[in-house]
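Same chain, two partners: chain A is paired with chain B first, then with chain C.
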Partner chain A sequence: MKLKTILMGSAIAGVSSMAFAQDMASDMTLVSWGGAYQASQQKAYVEPYLEMNPDVSITWDESSAEAVAKLRAMNEAGNITWDLVDVVASDAIRLCDEGLAMEIDFNEMLAEGDDGSSAEDDFGDFIVSDCYIPQIVYSTAAAYRPDLLPEGAPAPDSICAFFDTETYPGKRALEQRPINNLEWALLCDGVAKDDIYDVLETEEGQDQAFAKLDTIKDDIVWWSAAAEPPQLLADGEIVMGSSYNGRWFSAIEEQDQPFEMLWDAQVFDLDGWIIPTGLPEDRLARVMDFVRYATDTQRLADQAKYISYGPARASSAPLVGDHAELGIPMGPHMPTAPENSENVFVYNYTWWADYRDDLDSKFQAWLAQ
Partner chain B sequence: MSDATQNGPMLAADGRPLKASLRRALRRQKMRALMLIAPLLIFILITFIAPIADMLFRSVENNIVSDTLPRTVEALDDWEYASGETPGEPVFDAMFVDLFIAAERKEHTRLGSRLNYQETGISSLFRQTGRDVEDMAEVYEDQFDALNEIWRDGAFWAELMGDPDWFAEAQGAEDAGPRFRINDEMEDRLPRTAEAYRVFARFTQNEDEDNPASERPWPLVHAMLYADLTDGAAIDAYTGFGAEELTAAKEAVPGFEAPTYREAFLEVDEDWASVEMWGTIKAYSGEFTSGYFLNAVDRELTPHGIETLPSDQSVYLKLFWRTIWMSLTITFMTILLGYPVAYLLANLPMRKSSLLMILVLLPFWTSLLVRTSAWKVLLQQQGVINDILVWAGILSDSGRLVMINNQLGTIIAMTHILLPFMILPLYSVMATIPPSFVRASKSLGATNWTTFWRVYFPQSVPGIGAGSILVFILAIGYYITPALVGGTDGIFISNRIAYHISSSLNWGLAAALGSILLAAVLVLYWAYDRIVGIDNVKLG
Partner chain C sequence: MTDATADELIVDKGTPPLWGFTVPMSAAMGGFFGFLAGNTADNGLMGFVIGLIYGAVAGFVLMSFVPNRTAGRLGLIVLTAVVGFVLGTWGGAVAGIIVGAVVSWWIYWIGRGDYRSGVPIYATAGQTLWHNTYLFICGFIFFFLIAPIITIIPLSFNAENFFTFTPEMLALDPDGYSLKHYRDFFSNSDWQSAMWNSLKIAPVATILAVGFGTLAAIGLSQPHVPFRRAIMAVLISPMIVPLIISAAGMYFFYSRAGLQGTYLGVVLAHAALGIPFVIITVTATLVGFDRSLTRASANLGADPVTTFLRIQMPLILPGVISGGLFAFITSFDEVVVVLFVGSAQQKTLPWQMFIGLREQISPTILAVATILVAISIALLTTVELLRRRSERLRGLSPS
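So, the complex of A and B:
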């Protein structure tokens, strides 16, 4: 492992050159997704934080999609260059499992809610891992184009419209992975919502889900980037598709596309911060200071001004206001809004952590058949 | 050669044998040449070859199991999967110690993820048990506490278990204090307690940077003390520090409430009784494993030998095959399309050929993503090509062609993207073919076709060879374009490698797939060398 020693050596050299910093480092590297989402973070809390701390400089790295792999590589090389990383919940769970993310003491490290509730209560059920500070709730939801539906067809009101090619002929876009699709297939095959993961655990249940997907296999366009379904729908390539609700919001409200949301069996997911393990003390102190500020009640509510994702703190919900540029109220566009979340599908992170490999190879084999 | 005819070897001017002197001069020359390329060589070695070798090594590396569960692996030696029975108490005892230490180090979840690649459910089993393993040990800690408060005291433990000299130094020392040394006598009398305490002390010093002399030990140490005492530890003759407390404890332990670890594990999760699960641990307990390579060819190493995966889970062989035949198709397409272009480039007047050259190079200066996205706009069902065909009345509106998100899409887009890699080597070879040959052939009465086929084409073959190797090797490793336009049946093996590197984190499998791909390329290269001859390749 000659390579490792060399890398370690350079890491040590890097660390020692920063030893002159005082209690808190003045540089910070944040990792996020780029695009509108990162812009919302920049405006809602990075800019105000920099105003309060003019001597701090923040660098963005748009690597969240490969965060897990890159953190693992950094950890092996012994040189962690990131300070705070934005990842989805399932990645956070894996990073925590791998010991690559620091454990969080919620009440100690994070601010109390505005309503006086402890941080742990305020985040409530959204705390899905010991290492994960949730920021926003987004959902994978469906949308369709009313003008592409056949004449006389009723407006779809259920996710099962995806499986009803007779009433709604045409292509539909689904994400190219087993997660969400298998659940929806079972749901539309008559399995009760609460039983889905129990059924999916069995061989017969998996076969049942794939058999249901088989019925529409030829009509599916698979996507791997969330920007694809709005584009496909705008081009008329598909009649309906699944994507993140923020993408639909920006297509519908900001770009005036003639889409309609289909808020049925939308699947909640989280986006939040993890802090890599093994940060030197001064950098850690700076990160903790920033995180405490960036995840307080007001800041999370502010973020919703720029993007239609719901704040993960319960106490932020009443503070959500209008869109920063369009001026429309954001509340009704949140996946967490009561009228949108009448029928939410709760996605089981830990279950998927276990079954992902198995089902993924089955899914790939099924696709290839 | 003529040495034998003379009395001695031929001598150089300085009296040394000529052969040796010549060899020396040559060696010096070689060394000088080597020195010249040394910087590049070292650079490539460090930045290219070493990381690749390190990565490929992961395809067989498997010491995580024996590193994390050393005691369990040893205890499992006496157990046979074929017996069909859950392992006995000693294995569970060993697993308890291993898992407790792993949970303190937060390594158990990593191991769980590793084993979960082989047997679904192990990951959550380890995660769940890792949370509860501390409770199992606290049963003992509480009972020792109730017996005598002193068992709660970190300093007492340190004086009892530590080497007296070490303890004297460590007392009151700042931070982690001097490196921990165990008391040899205790190691003989209470071997398991001493081992557990040593692990605790080292961990406290190295990871937490605290002084073990003032830290309360893990409950694991109490649990091991119980185990030692009930096993009849030889402390009767012991008169040193803490003899009184130990004797009292030894008398009390038979009255302790002590569920066996097996019971405790089964209470956490019944899967601990699963023979399959234990079989998997045993099958993967070696330092090296063939498991990843077997997975990469749709086989699986199970406790009962190597098995073929059911067809609804086998993907890789199919993908390897597809990657190779599609890359060959793409290579062939680039020859077909590139040859005439290169011919024109080489034979048109200077001004026209420079213009053409710019057109060939233009795609090089455009981002790969832009080019791929452009193909989407052109090829999709509501796209430009379909629209024109429908408008021209060639297709009906309902009969639009599906040209993207399938193999056709990948072949079209990749042929376009890789075309310059074929045209440029072809052009550089064609530019060196003297036009006089063609004129000579024609003046001797050959038709245009014969001239081309018998005179021109054979001379351009080295260009085809170079272009084919370039295009094929690039194509076989492509993954962005197939991911964007390949849909489900147009993706390559590299897409799965990328998935395992960045999403599933199964780097071992990714390394195995990568090694196989590398080997396949080398074999094809060798075959090419045998058939065409690598000397016939001209890159410029």
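So, the complex of A and C:
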């Protein structure tokens, strides 16, 4: 197999990087999300990699949000311009199913953990697709502004504060999609955590979730970019909102905003790399060399210095240190920290892969009502 | 005293009844501002009532005891500013000056019967009302067009990383303002490379658009060209077809041609978008162009190229330049086509703004927007000056 030879080659190249350098492309386009997250990738492993390989140049394309659509179009046009694409787990599953992402042989293509565990064991349960190299665990969590709550109202300690407009009057921001919102609605309507996806499979269960959302529909500000909720909360346009925990961290610790986290029922999700299928040999060799370096134990731990997302490798966790600029320990800000993850909601990727289209259209219809 | 005579003249024209008209109208205007001010303190109704009283009292006092307009207006402005300062320090004082200026202007405008000065003396109340409503609607449209653009300018000097008028900014505290977003724009490598990409793409696209567009316009203005209208329609189509359709079409076509994701591809795509503007402006200039000049030139022995360069080009130059400016702005502001046809290496300024807005709402975007607004104003001023020059030249040309 030709592919196999290349893979072997790149594995060796990872060890003695110069020997095969002439076979590797010197340009690489990485696709990511922009903002603080992309900055953390840039500092944790892109800059060190460029230092080791001064002849390589890397271009960022901040298109992860529409990665699926763009990869489909590139595939159709027969012109793949991306080399490595950062996507969330559910997008990776879709791309893998459609054959747009390359299958990964974890133990062969990725570095072993620092503790000697194989790559497959090191990533463990976070390997959710054959094409997906997880990097970090992030969570969608809530935050609120204590100074905007009515006097005498207790500090919210449950996600159900979103549905309690009597105690906490004012607008709240939620993401404009059914995922997370339907689960939270059922959770606050008395459905047990383990039964939520079973209930949501039925027509009545879906109606129940929408009915619960109906009770606060007039008070919801819908967001589609994760940067919006911190902006709205800083403006005082909302009293509470959901967003990615790294965005809240940045607003609270780096921008000194008077927000408080509400970790209850936070939803974990993964972010990681996929490699598009159909790359020419020299570009693939370069990508393999880079990805092996960028996902090793130390690099993933380094990334946590810049943003409060947990490394996907178990062996990276003990190496997580202090914030690169503020010097505060990052451990307590991780979504996976024990005091933050007392009540975690486990988001079911595979369930959503099956029900996404149907519930998306129902959600849109409900929004328009 | 000119002031007094002017006042007498207006009084002669008829002063509306004080209690039946002036005081209620003043109260209404006061109530409007009171409602706005009240809402900032979360009590619109209370503000409305206070505003009503403020407007009514001001209307009565100014009309009955202060015949001198300048003194009356100044008095109300100072008084309102002082009240504003007590309620909300410097920010409140500024708001007070604005409210005082508008309300006092309104009171004299209503109370002196100036609102009738735009209509003939025999106009009915309905006609007068319509005339002023019409002016008001025009003003309103201007406000809605301009206000969003004006708002971003002070926000771009925000000292915080959010799109927020902070309390420090509203209090006009210098600490609330900073140039850090401008510094970020000029020091951040992403923004700088985006700006250089834009500056590399736009001029080349403009030159191509101007060259092809001018030739097309001159050719299509010849009466003997067959299918002139059909050819014109095809050339103008990029302006009429929804941009997203052109962009998707270009994406697939350029991919097959190996131009997708290349500098040349983006330049060609932008040139295609710019050509219609050049054709339209040059065609418009050619309407006033006197063909006997080219015949005279040929008669004197000049070949067509010399005639074009020495006779025709100088006269249509203003149209060519303004078309070129439109083509430049089109390329410089364009985001849809470049997202499809370009790759990350051709990331232009609007593309970078689009990303910034979606992924990370940073006021650097506002700083860039302010700079772009300034550039656009400069370019459009140039267009306007050229248009005037063109009219002057046309007035001089023999016909």
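What to note about this one:
The rule we apply is simple: the second predicted complex is superposed on the first by the 347 of 369 C-alpha atoms of A that agree within 3 Å, B and C clash if a C-alpha of one lies under 4 Å from a C-alpha of the other, contacts with A are read in each partner's own complex, and residues count from 1 in each chain.
FYI, a residue touches a chain if its C-beta (ideal position, glycine included) is under 8 Å from a C-beta of that chain, and two chains touch if they have at least 3 such contacts.
Just so it is clear, the model here is predicted, and its values are computed rather than measured.
On the superposed chain A, the positions of chain B and chain C overlap enough to count as a clash. When the two structures are aligned on the shared chain, A:Q364 is found in touch with chain B, with no touch to chain C.
When the two structures are aligned on the shared chain, A:R94 is found in touch with chain B, with no touch to chain C. After overlaying the two complexes on the shared chain, residue contacts for A:Y355 are found with chain B alone; chain C is out of touch.
Contacts of A:Q255 after superposition: chain C is touched, whereas chain B is not reached. Residue contacts after overlaying the shared chain place A:N79 against chain C, while chain B stays out of touching range.
Contacts of A:V221 after superposition: chain B is touched, whereas chain C is not reached. Residue contacts after overlaying the shared chain place A:A65 against chain B and chain C alike.
With both structures placed on the common chain, the touch criterion links A:P318 to neither chain B nor chain C.
A simple residue count on chain A separates chain B from chain C, and the partner touching more is B. Judged by the touch definition given at the top, the superposed model places A:D235 against both chain B and chain C. Stretch 387-395 is the one among 315-323, 387-395, 423-431 or 513-521 where chain B clashes with chain C after the superposition on chain A. On chain A, the patch touched by chain B and the patch touched by chain C overlap at residues 65, 235. Chain A makes touch with chain B in their complex at residues 1-3, 6, 65-66, 68-69, 72, 94, 96-99, 171, 176, 221-222, 224, 235-237, 350, 353-358, 360-362, 364-368. Residue ranges of chain C in contact with chain A, taken from their complex: 160-164, 190, 251-252, 255-256, 260-261, 343-345, 347, 355-361. The touching residues of chain B, counted against chain A in their complex, run 46, 50-51, 54, 105-107, 109-110, 112-113, 116-117, 120-121, 123-124, 127, 311-315, 318-319, 380-383, 405, 483-484, 487-489, 496, 499, 501-507. Note for the complex: chain A touches chain C at residues 29, 33-36, 38, 59-63, 65, 73, 76-79, 81, 225-228, 230-231, 234-235, 255.
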